[in-house]
Amino acid sequence: MNLPILSLITFTPLVGALAVAALPSRYPHLIRRTALAFSLLAWVMSLVLLAAYAFGPTGFQFVEAHNWIPTFGIRYKVGIDGLSILMVVLTTTLSWISILASFGPIKDRVKGYMISFLVLEVGMIGVFLALDLFLFYIYWEIVLVPMYLIIGIWGGSNRIYATMKFVLYTLVGSLLMLVAILATAFAYQVGHGGSWVGAFDFQLLQQFAASGQFGDAFQNLAFLALFLAFAIKVPMFPFHTWLPDAHTEAPTAGSVILAGVLLKLGAYGLIRFAVPLYPHAAHTFAGPIIVLSVIAIVYGAIVSIVQPDLKRLIAYSSVSHMGFVTLGIFVFSATALQGAILQMISHGLITGGLFLLVGVIYERTHDRTIAKMGGLAATMPVWATVFGFFILASAGLPGLSGFVGEFLVFVGSFGISPLIAVATIIVMVLAATYLLWMFQRVAFGTMSDFLKGLGGHLTDMTGTEAVTLLPLGFLIVVLGLFPSLVLDLLRAPAQAFLAAAGVAVGG
Amino acid sequence: MNWSDIGTISPVVIAVLVAAAVLVVDMVAPGRRDPVIVTALGGLGIVAVAILIQAGRSGSAFGGAYSLDNLTVFLDMLFVAIAALTIMFAADYLEPRGLPIAEFAAVLIFAVTGAMLVAGSTDLLLLFVALELMVLPGYMLAGFARHDPYSTEGAIKYFLLGSFSSAILLFGLAYVWGITGTTRVDGVAAALATVVATGKIAPGLAMGLAFMTTGVAFKMAAVPFHYWTPDAYQGSPTPVTAYLSVGPKVGAFAIALRLFVGALGPLKADWLPVVIVLAALTMTLGNLVAITQDNVKRMLAYSSIAHTGYILVGLAAYAGGEQSGLSAILFYGAAYTFMNMGAFAVVTALQRRPGVSSQIATFAGLGRRDPWLGALMALFLLSLTGIPPLAGFWAKAYVILAAIQAGGWLTVLAVLAMINAAAAAFYYLRVVVYMYMREPTGDAAPSSPGALFRTGLAITGVGTLIFGLFPALVAAAADAANVFHG
Amino acid sequence: MPISDSIPLVGIRWDDVLFVVLAAALLGSALLVVTLRDIIRCGLALTASLASLAGIYALLGNPLVAATQVLVYIGAISVLILFAIMVTQTKNAPVRLAFQTQAWIAAVAAVAIAIVISITVLATTWPAGGQRLWTATTEVAHLLFSDYVLPFEVVSVLLTAAVVGGVYLARRESGPREEDRS
Amino acid sequence: MSNSLDSYLVLSGLLFAIGTFGFLARRNAISMLMSIELMINAVNLTVLAFGAFVAPLRVHAAVIALLVIAVAAAEATVGLAIVIAIFRNKKTPLVDEYDSMRD
Amino acid sequence: MTFLIPLIPLLPLAGFAITGLLGREMGKQSHKVAVWAVVASWLVAMLVAFGALSHTLGFDAAGAGIKLWDWIPATGFHADMGFFVDPLTACLLIVVTTIGMLVHIYSIGYMAHDEGKWRFFAYLNLFMFSMLMLILADNFLLVFAGWELVGLCSYLLIGFWFPRRSAAEAAKKAFLVNRVGDMGFALGIMAIWTQLGTLNMQAVFAKFAGVPHEWQIAIALLILCGAIGKSAQFPLHVWLPDAMEGPTPVSALIHAATMVNAGVYLIARCNPIFGTVPEVMVIVAAIGIFTAIMAASIAFTQTDIKRVLAYSTLSQLGYMFASLGVGAWTAAIFHLMSHGFFKGLLFLGSGSVIHAVDGEQDMRKMGGLARKIPITYVTMLIGSVAIAGVPPLAGFFSKDEILGGAFKNGFLWVWAIGFVVAGMTAFYMFRLMGMTFWGQSRVDPEKEHPTHESPPTMTRPLILLAIPAIFLGLLIGFPPESGLLHQWLAPVFEATITASGRTEAAYSFFGIDGVLAIGTTALVAVAIVMAWRLFGVNMPALGLHAEPRPDRVRELSERQGLAELYRGSSHKWWFDDLNNLLFVVWGGKLAAAVFWFDRTVIDGTVNGIGTVTTGAGMRLRQVQTGRVQNYALGIALGLIAMAVGYILIAVR
């Protein structure tokens, strides 16, 4: 099949953005529906791709490659393996859900919003598909701009501070990453007699790395640069403080995408690029990174307990949950890595859902302060039930997706060192503490004075809102009961990852 | 002097004639705008054609004082584009202020003629004279709004410091000439090569180098010789600022290419550390101070200082042994021309009505008041920030790549440059914040600019995009131009 | 009858005497230019120093340049400057300080520059003979119109541009006085 | 003394330094302009000194000096025009009072 | 017939799904689906249990299982979705499905007037599903899943009346304390996987002897940790009394008869593990017996009828743990079963009482209810007698086996404490009976008048539960130590017991066993009489009558030496205060401190970099004074520096 399906998926939202741009802004409904239609189209295509994907074999499929800047061997090269296809499907899924979830809340400048969102989707898909380091970098940066606008224009009261922090923080990391990428390509060029051909090609670079041709000192520096960029995006302790601000100020859909996909970009970068390209450095720094991950897991959970704001609480819980991902990557165990990737997906689904649910409340009350809530289980029973479900999923209840991911990370790291598992297992209690306490204060008890003051505006979830949450809940259950759906896809990438990472330790 | 010499410098000759023609047209039809603009732009078009005819050829004229090579063609085209864009942006700005377009266009074209001569000169004396032809009209353009205290204040500061630095440069040139015994660039290089080969360089030569470096650094607005930039940029009529931010800057780098790369090439090991220090200081100070600015013109002035720093990294990369550093400089110059002129053009559009300040508050709500203008400004600012896939990103990437290839301290410089670029995002995006994330204040409604102006804006916008999406187009030209007669 | 090269009794060469006198005049009047309080006297001192310099040029065997110096500098530039001084003198303005507050630092910086130049000059071995050479006017003209014809032409363009712009800037005209807030 | 290149170069250096001092220390725009003239003349002195003592440079020096004088004249023209223009606006020739743009 | 196994949990799950989704629309009928689902489940369970116990229907002595699908097939980790039934499971199935079904039926009446009835039944069904999955699971991870899910259901049901702040608090507390134990269990599962490479229970047990001893100890301790949490043993017992905030059927079903037994079940199930580590067994016994006496001592002074029963439950669970610890495995399961029935009965009875007095739970405001709610009274009396250990009711046999086992296996200290606790149990139970049913009525006059017996849906389960409370001991526990239950469970525990080197000595009624039984019975009798003397009795049929003597009680509680004990008992030995201080106060302060650190130090650094950058910019921009001469000076200084620099470079 010679259909460039990957490019089609990538650029479908772009076409959508252009289409939206062409529509006059006095028809907001038409704009919304057009945007939704294109995001749904991308989603359907990604599902088709998933169906067409051949399970089992290692390596990349559906590879497309075209010369772009031949002077430096920069190519437009995309392809998928089990990891990227999952991420792409996650992205397309959350994208249409986010767009749909924005129908109500976004009333101002709808056109710009939808364009931003569709461009954002292009960038995110591109990041997961790119097999050329330069292309990857470009998509990586493209993601930044629409998110900057989404938070900055359609965000809360402190949105400018938050969005600037987000952008500057990310830029510091990504620009250093650019230096590292260029240096890596240059090292390859030097190693190939000054020819730039293939210098940015991930697969060739990885072969180059596998043959041990990057010097140790070089690896250390390049790895640190990439790691910093990815760690900020994940975000790892202590680079996480942009996240609570960004989440708090972002509009609901922005938070969903931020938590659901953007944080995954960092983890994806670590798995796809940072470790396989610089295996020796990855091993050198694995210890400190594991310690940081453990700190992030526990620290994020502890800080979550005392958060006064719903979104801020979920943001800090993301720090904790994403700690499992980095932990799972750097213990270099197939089990833990699969757990980490599963955790990436399930965190996307669960936290995305939680933000949507908070958005539902915010729509009605224009407030997210936990202390002002209370008794919502009585007034909005359906909402409270769904919220409870997602909270339990977030707390890692067995049978739901979050449990499988975290448990696999636990088991994998326990196999490496029981100490890691012992140090992090407390999060089982901490997570339950902050989540249930939050749930109790929001949903249980009697109706707060603040809510009473709002009178009868507290209608329960609407149909649209339910539609946005339904697929997430469904996937959470399905992945909890049948994680093999994902794990089968991940076997080959996990092997490839370990093979690449194992070079420096001699297999 | 013979006809072939005239042929070789034909673009310059034509440019002078165009300037004269503009003045003549103004005499024939005094105060009429359109004939002047038609003459000027049409003339520049002819100049461009003359340059393009020369593309790919090489040769020298006037006994080696002027050389035609790819570098000359590349830079000449750039200068002509700068001149044309400046005229497009200026017409709408000058008219409501009662300032004459004819004198403006003539002086501007004289300046650009100087810049074109700088690009092609391979003789120290010609280089100096051409440089003066480039900058002297610049002083006058800065003070072109001669009834405006700010404009004249900027002009006199620019003039005094510019003359001061010219004297310093000249002093240095005199010593280098005295020691090497020739004004021809290749002769100087040959003489210096023997000096280097015999070991230590004389203190007198070192001092001459210091004076020359200072003079050129001043023209580039490198720290600590940058002081004139913010005041001159802020005070000048905004289209002039647009011109000043790219024309003399690219010209200064043309001097650097001809003088430092060409004539002083054998001494590059000696001037490399100086350039590294200058680059580091320049980008850091430029960015740090730009962060604190509330006036967009002044902010862009400091930002242009920072960009000088980035371009200097390319020069340092060359001195560090990486020829592609020169391509990086040229690419950067071209990319910077479009995005920065575009940014200033938007400021110009806002200030078209007299009395509108360039304070950042003027931009509040621009994205809503005038979506196209806002979007373009955002495009230029993102490009200046270095966000892919826009021109500014590739410019930075080229420079960084060259620095990495050179290795050593230049890697550190590359990292510093990137940290600086991240800090720079703060002030560029701050403008975006005002445009899109704040509500408009006051009555600062933009008056929609004329067709000519819009064409200019479109050219800069499309340039910024095209350079970003298809950088190979410009990169190939820059690569071709990085080996030149010198 | 040729005059002897040196002063009969002391044995100091006439040239040297002339050089010292001219140098002293040059530096002295230059110092006056930068130190005198009254700007008109500064202008006169400048004329004096430029004239001394013309003498030195002649001493250096370059009568053409010396002549040009007198014609252009003293005849044109100095007069221009004096004219500008007249235009810009404010009659009713109180007597103000001629110097910046940073004059002392400026002095230190200037001395430092002088020291740097002097030391480097003295530390350098110049590829120079010990004899001054005479330059004939015809040679200059020939060279100017061969090797240096392009710079020469450029200078003419430069002067044109300067005149066009200068006239525009200095022209008195009752135009609209629009003050832009920049 | 008068046959030594060093003495001329030192002399020109001193003249250059005096000019620099004037430029740095004086307040009046025209004073500063005059200081610049001193510096340019110092350069010319250097050029002619080289020309007088280094045979191959002999004639070149004169040409350079002539062109420099012409450039200086052009510079002075422009400078004085600007001085006059700003004097009309600011009513003072003292440059250190032109500080409405700063920071 | 193994294919029927999945139906047992799935029927309640289906009931949960239907009731949960549609229950609100079903209105008054919302209980129907749930109840019938459980009844159907009960039928299947009985069939399966019959097969497993009789080794027919496809079951053999070691049991039989069914694998549904690969649950988590990761590289380097594997867990199935599969079920396994052996005699131990069968015993649990009987208790869980039977009591569960009766509680469902009881709840029809109890919750008849509650708006959230449909929700209640949905939760109950979910609980049944979870609990059944827990006991049916064939691997540790699935057990853990059920383990967590029952915790969740407990959370949901305790917090059922969520507008009540105390209910919400108690629910959260239950979940969190359980999770503390679950942490250990989870670590234990990881340890098992890393040591053995499988989580399938039968495989683990088969290979366990090959594990290094320190890992054996670690694994056993970690599993014990989970069991302690779920079965509310010291020090994780604090959640269970608070859990009485939930509706009474919940207390009966979850917090007396089923979920709290999960810990006991787990340790019994893991007998091949614990059998290899005697040092851990001692810990189990110690924790159990300590919990037994501590909880019994607290039950002495509680005035809330359900709290007395809750502490009683703790105490009885402590017995079971002690039994496991001393190696009397079957006795533990025996007590688990009998306790499940009579404690379920007692809780449901107390629910009936509370129902009768319109929600009042304080026994000081009851009294003399025997006449007004006779069925409740009689059935509860049977339960009390059973728990007190009066022969020949169920409690007598099971408790006696535990004490006998402790004594004969050499745990004399366990026996001694257990002996005392037996007396204490009898005392506090008859204190409860006396304060509730006998003596004068102290009921609020307002609530006095409408006091009436509960509807048949509530009383019939009481009667049904009273039957096993009376006869279970005789039926499966007689003759002692060779009764039906012992025969059933022999395949499960035989290997472990043999490996421990002990052979269960034949029961000898006229030997040591008889002496112990008589001693215990005598103590129980004394304790009952003491309770009568203090709190009254009125059983005309037996000719017993005594008036309560509150003044005497007060006097005793203020007597020198007893006063301190009384205070400690009534304050539950200050465990709640300690927890509050440790976790709420200090934990809260810690979290606040960490948050402060996050804001000031980490985010402060980030913002500080911004501030420093801007500050530096502000400083630097002051260089730009606006005065040309200053600029020129800067250039001149730069020139000098440059010249010096170049000269240095030149002469280097």
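Chains here go by letter, A, B, C, D and E, matching the order in which they are written, and residues are numbered from 1 within each.
In this section, a residue touches a chain if its C-beta (ideal position, glycine included) is under 8 Å from a C-beta of that chain, and two chains touch if they have at least 3 such contacts.
These figures come from a predicted structure and were not determined experimentally.
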Return the chains shared as contacts by subunit B and subunit E, ordered by label. A, C, D
Between subunit A and subunit E, the fewest touch steps amount to 1
Tell me the chain pair with the top count of C-beta pairs in contact. C-D
Need the most distant chain from subunit B, centre defined as the mean of C-alpha atoms. E
Return the distance between the CA-based centres of subunit A and subunit C, expressed in whole Å. 70
Just how far, in Å, is the C-alpha centre of subunit C from the one of subunit B? 31
Between subunit D and subunit E, what is the gap in Å from one C-alpha centre to the other? 97
So the centre of each chain is just the mean of its C-alpha atoms; given that, what is the distance between subunit C and subunit D in Å? 6
Subunit E residues counted as touching two or more neighbouring chains: 610, 621, 624, 626-630, 632-633, 636-637, 639, 643, 647
Tell me, which residues of subunit D touch at least two other chains? 16, 19-20, 23-27, 29, 32-33, 50, 54, 60, 63, 67, 71, 74-75, 78, 81-83, 85, 88, 95-96, 98, 100-103
For subunit B, what residues touch not just one other chain but two or more? 125, 129, 132, 136, 140, 143, 146-150, 156-157, 160, 164, 168, 178, 181, 202-203, 205-207, 230-231, 234-235, 292, 423, 426
Complete list of chain pairs which touch one another: A-B, A-E, B-C, B-D, B-E, C-D, C-E, D-E
Per the contact definition, I'd like the list of subunit E residues that touch subunit B in the complex. 610, 613-614, 616-618, 620-621, 623-624, 626, 628, 630-632, 634-635, 637-639, 642-643, 645-647, 649-651
Under the definition above, what is the set of subunit A residues touching subunit B in their complex? 68-72, 109, 112, 137-138, 141-142, 144-145, 148-149, 152-153, 159-160, 163-164, 167-168, 171-172, 175-176, 178-179, 182-183, 185-186
Could you list, by residue number, the parts of subunit D that touch subunit B in their complex? 16, 19, 23, 29, 32-33, 36, 39-40, 42-43, 46-47, 50, 54, 56-57, 60, 63-64, 67-68, 71, 74-75, 78-79, 81-83, 85-86, 88-90, 95, 98, 100-103
Can you list the subunit B residues touching subunit C in their complex? 1, 9, 16, 19, 23, 61-63, 65-66, 97-98, 100, 103, 106-107, 110-111, 113-114, 117, 123, 125-126, 129-130, 132-133, 136-137, 140-141, 143, 145-151, 178-179, 181, 202-207, 234-235, 237, 295, 297, 351, 354-358
Which residues of subunit E touch subunit D in their complex? 621-622, 624-629, 632-633, 636
